[in-house]
């Protein structure tokens, strides 16, 4: 592996999944991940890219420590304050948007001012609404606000920017870029959108179909956000070749 | 508020009509009962007996709800506990009230503690059975969310678990309060020197339907008032987030 | 002549079951041209319900209840069945010897505050200047429970139904005050039958002869039970008597309670008792009327077959 | 299965220990009761009385569940109906069992119809209260889906509504069956010539604890068997779709 | 309006929403649509494009007849057999994928063979799974399968292809194109993805921010699926201009 170490003192994310399978309702085991080894330097930004249903969400849940039922080893970075944007918003329907965000805050942040964050996400006029009264796009933004608000030192995002119009999505991408650069939070990001990944990530992990393993790992040249057309084009070409290749 | 009053008026009208048609000592009409209730209130008898009963209802209801909810929650959440505790629950839930009451009175004594214990033990397994279903139906996705964001135990209970259990709590406390009150009546009838159940026992042996009904209805009126002024506004508040059906 | 059906309500653990058993085994009903249809119930109040809903023709029930119901307009008739009553009892070694000694002690009462025996005892005590209601600590409860509470020592004395008294007597308890004595103290020449056969007036007027024949058959059964000890051996399985002493106590108390005097004499005493009860129980107990309704007692036609 | 058996064995052991310590006629141990049950079975008495009670339990349970579920569903779905019917529900749910039983026996007669009616009417409002909460908590999004795809009424009930109501149904039928059985006991005690309640009433007046317990326990054993062999496998099937907690 | 009539005899979709507002939990009314008039010829394919939270889902629900609480008029095309892909999958969690699909079928289709459809959508091995065992992308595909399987004559799709990898999404777009062309079903489609809209639609409706109204209506030249680069570029330019313009 040719890692490019970025931040110094903090620990990297180290995830080794030898095997992970679910037992489905009729009893048959479904193998989802096999022989996956993923290392992400502290403070760097990794993107997972893979076909639908290959096991990306499963990997994130394992990385978050939510699913301990797997064979392998997990080493999480930072003090363990986690920000997670799930694939669905997962808001508490009986709490308003603001309550949903504040509930997730650790004690020392409980009184924090959310105005800026909420303005950036365009949630200003919806803070007092219940999730059932939001459009899906707004609900997603509330979920993103929640994950950002906790000031995580480990951030997991599962396709956070789908269901948003291009303008909002672009703004949020910039915001995510700024946030991760500023706070040096280790981030693992799932997307189907290659351009997005190229814009945001330090490192791309291309996954195979189920059972998922890493078929290609790619370090992108800094700086994030300002990749040249050539870099993007070469990655695109590589990804296309990968998709065409029989597994 | 108006539909409630209208609906109650209709109920009373039906009753008055039935009483008028029956023309029997065994089905006194609303006016007879109203007069009886007033007389009993003036004599101080009804408020005293009602207070005795109400005290027992409140204490044993509180005990049954607290313990029952806790037990139901744990059983609904943990398969292991459930597997072990379920047979005990089945035994307790199906133990006839009479048996529990007799045992309480014999082994604890003919006193208040025994009475309250008997009622609480009678009601508890029902609360447990309902809350267990509620706990089983909890959404695992919200659990994951709470774990990811490291919500403290108390916050998790209050904001994630309780709102999901709310309809089960509402159901079991509404139907539970009525069960507790009914068992308190039996407990009083068998071995307490005061309370509505004690009065009903005497009235029953004299077949004094007017007295029986006036006490029963006084309690029901109390419940109606509590429902209308306390429970339903609270419930409306708790359910504000629900999308109104179009 | 075709036999006439008579529906009878019966409390399963009561003594009426014994009488009916005698009637059955000696075919007294058949020979009186009656076909008895017996419904058994567990609760002492079932008879009242059954009469009220017209599900039975005859049930054995409270004298006071009938008196009260009549005062409130129900057309019911009463015919004496038994005058057996209970007693106030204490442990053999108890320092309590009379009702005077009950002051300041725990007295447990079977039934409730309106139980007839309790009222009679209260009335008699009042005449002796003892206010039991205020000078003792009272416990009320179901009869079996009260009996248990005395045995567990939670109550120092108890007033219970006669059958519980009979069994307590064999377990080391003694009577300190009989309800029978209380009745005498109230000026009755003989104890009044506090339970009896009850049926409705309309039924009685239509089936007078059937009722008379039933009463006669019951009387015959009583005679048999009075005279024959053998008969009691046959009844024993029904009696739930744990040992011989209880069995004998049951037998003797039952015999003692069989009413033998004419209705007129019975009614005179009943009238006096009612007055005494009305004075202490008030309208709550006896209903709107302070006088015993003279039509309460059923008078069989003079025998002249 | 094994944890259940183990747990029951533990329960019986606790009981045997308590009985051994108490050494009292008032707390017979498991062996005494077991012998008593066998004797009662051999005499045919227990099966007969149990069959009588069971018949009443089944019929009135069925009536109460059917009508109660329908009423609760309608009340939970329609605000208008709920507003009107709620006070009636409060009145009915808080009416003492004794009053309902007396009225049924007086106005319908001391017969089987009255007994079953009394039990059903006693239980019905509880079912209604629980099912109403269930109906209120139905997911409006799935409703919309069903409407968009024009599911027929029956399919909608069966595939969309019922699975959502299932935990409420489970709760109200489990705690409901036990309530029905308890009320049947009272109804039998007060005015039926057979059934377990009748036996219990007679045994109570003789304070025959062995008899009381042997009948109560026979019923409980029956319930345990039904739970283990029928209800729980069914429930497991119905809950197959739920994600197992990790 | 400059409609280009496509199919002949069937009735067009006509939707006029003078006003639509929700009442939020705290009682304040939220105006979502105002003065919107939308006409779509029978058999043609319309795409709604607009900022997140502007009211697109609301419009679809009204068009489907699910929300009757609005001021205006609705005329739906065809005999009324509706196919709806909601923004979330909305599967019955207690029914398997296959049961979910079959349940939606009208009686005369109940025995129909689903193999082809299921193969195209890549659901083959998941038919016996419960929705809780699917990844979000798979669940979405099941929802799409359900809407296609009913053979609708009015099809509504609310961002059907998000959360899918590019390969699957492209395949499904082609499939949708083929289906709508073959069956001449009137289709209303919501997307944030302009390229997708240009590929699929006959007519684009650009919506303003809340309260939504149509700010630009655009008919695309046939054939669908094969638009030239110039057409696409011109539309993109127009859309960009629209986004830049203050409302």
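Which chain is which? They are A, B, C, D and E, in the order written, and residues in each are numbered from 1.
Simple rule for what comes next: a residue touches a chain if its C-beta (ideal position, glycine included) is under 8 Å from a C-beta of that chain, and two chains touch if they have at least 3 such contacts.
Keep in mind that what you see is a predicted model, and the values were worked out from it rather than measured.
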{"item": "Distance-maximising chain from subunit A - centres being C-alpha averages", "value": "C"}
{"item": "Most distant chain from subunit E by Cα centroid", "value": "C"}
{"item": "Pair exhibiting more inter-chain C-beta contacts, C-D or B-C", "value": "C-D"}
{"item": "Whole-Å gap between the CA centroids of subunit A and subunit E", "value": "28"}
{"item": "Separation of mean Cα positions, subunit D and subunit B [Å, integer]", "value": "17"}
{"item": "Interchain centroid distance [CA atoms averaged], subunit C/subunit E, Å", "value": "85"}
{"item": "Approximate Å spacing (C-alpha centroids) for the pair subunit A, subunit B", "value": "49"}
{"item": "Multi-partner residues of subunit E (at least 2 other chains)", "value": "25, 66, 88, 130, 133"}
{"item": "Residue list for subunit B, restricted to those that touch at least two other chains", "value": "26, 102, 106, 189, 204, 240-243"}
{"item": "Two or more partner chains touched - positions in subunit C", "value": "45, 52, 142, 148"}
{"item": "Subunit C-touching residues of subunit D, taken from the complex the two chains share", "value": "26, 102, 105-111, 114, 188-194, 197-202, 204-208"}
{"item": "Contact footprint of subunit D on subunit C as seen in their complex", "value": "9, 12-13, 39-43, 45-46, 49-50, 52-56, 142-144, 147-148, 240"}
{"item": "Touching residues (chain side subunit E, partner subunit D) in the complex", "value": "61, 64, 66, 80-82, 84, 86, 88, 90, 92-95, 99, 103-104, 106, 130-133, 146, 150"}
{"item": "Contacting residues of subunit B [partner subunit D, same complex]", "value": "3-4, 6-8, 11, 26-27, 77, 80, 83-88, 90-91, 93-99, 102-103, 106-107, 125-126, 129-130, 132-134, 136-137, 140, 143, 167-168, 170-172, 174-175, 178-179, 181-182, 185-186, 189, 200, 204, 209, 212-213, 216, 219-220, 223-224, 227, 239, 242-243, 245"}
{"item": "Subunit D residues within the subunit E interface of the complex", "value": "141-142, 144-145, 147-151, 155, 159-160, 163, 238, 240-243"}
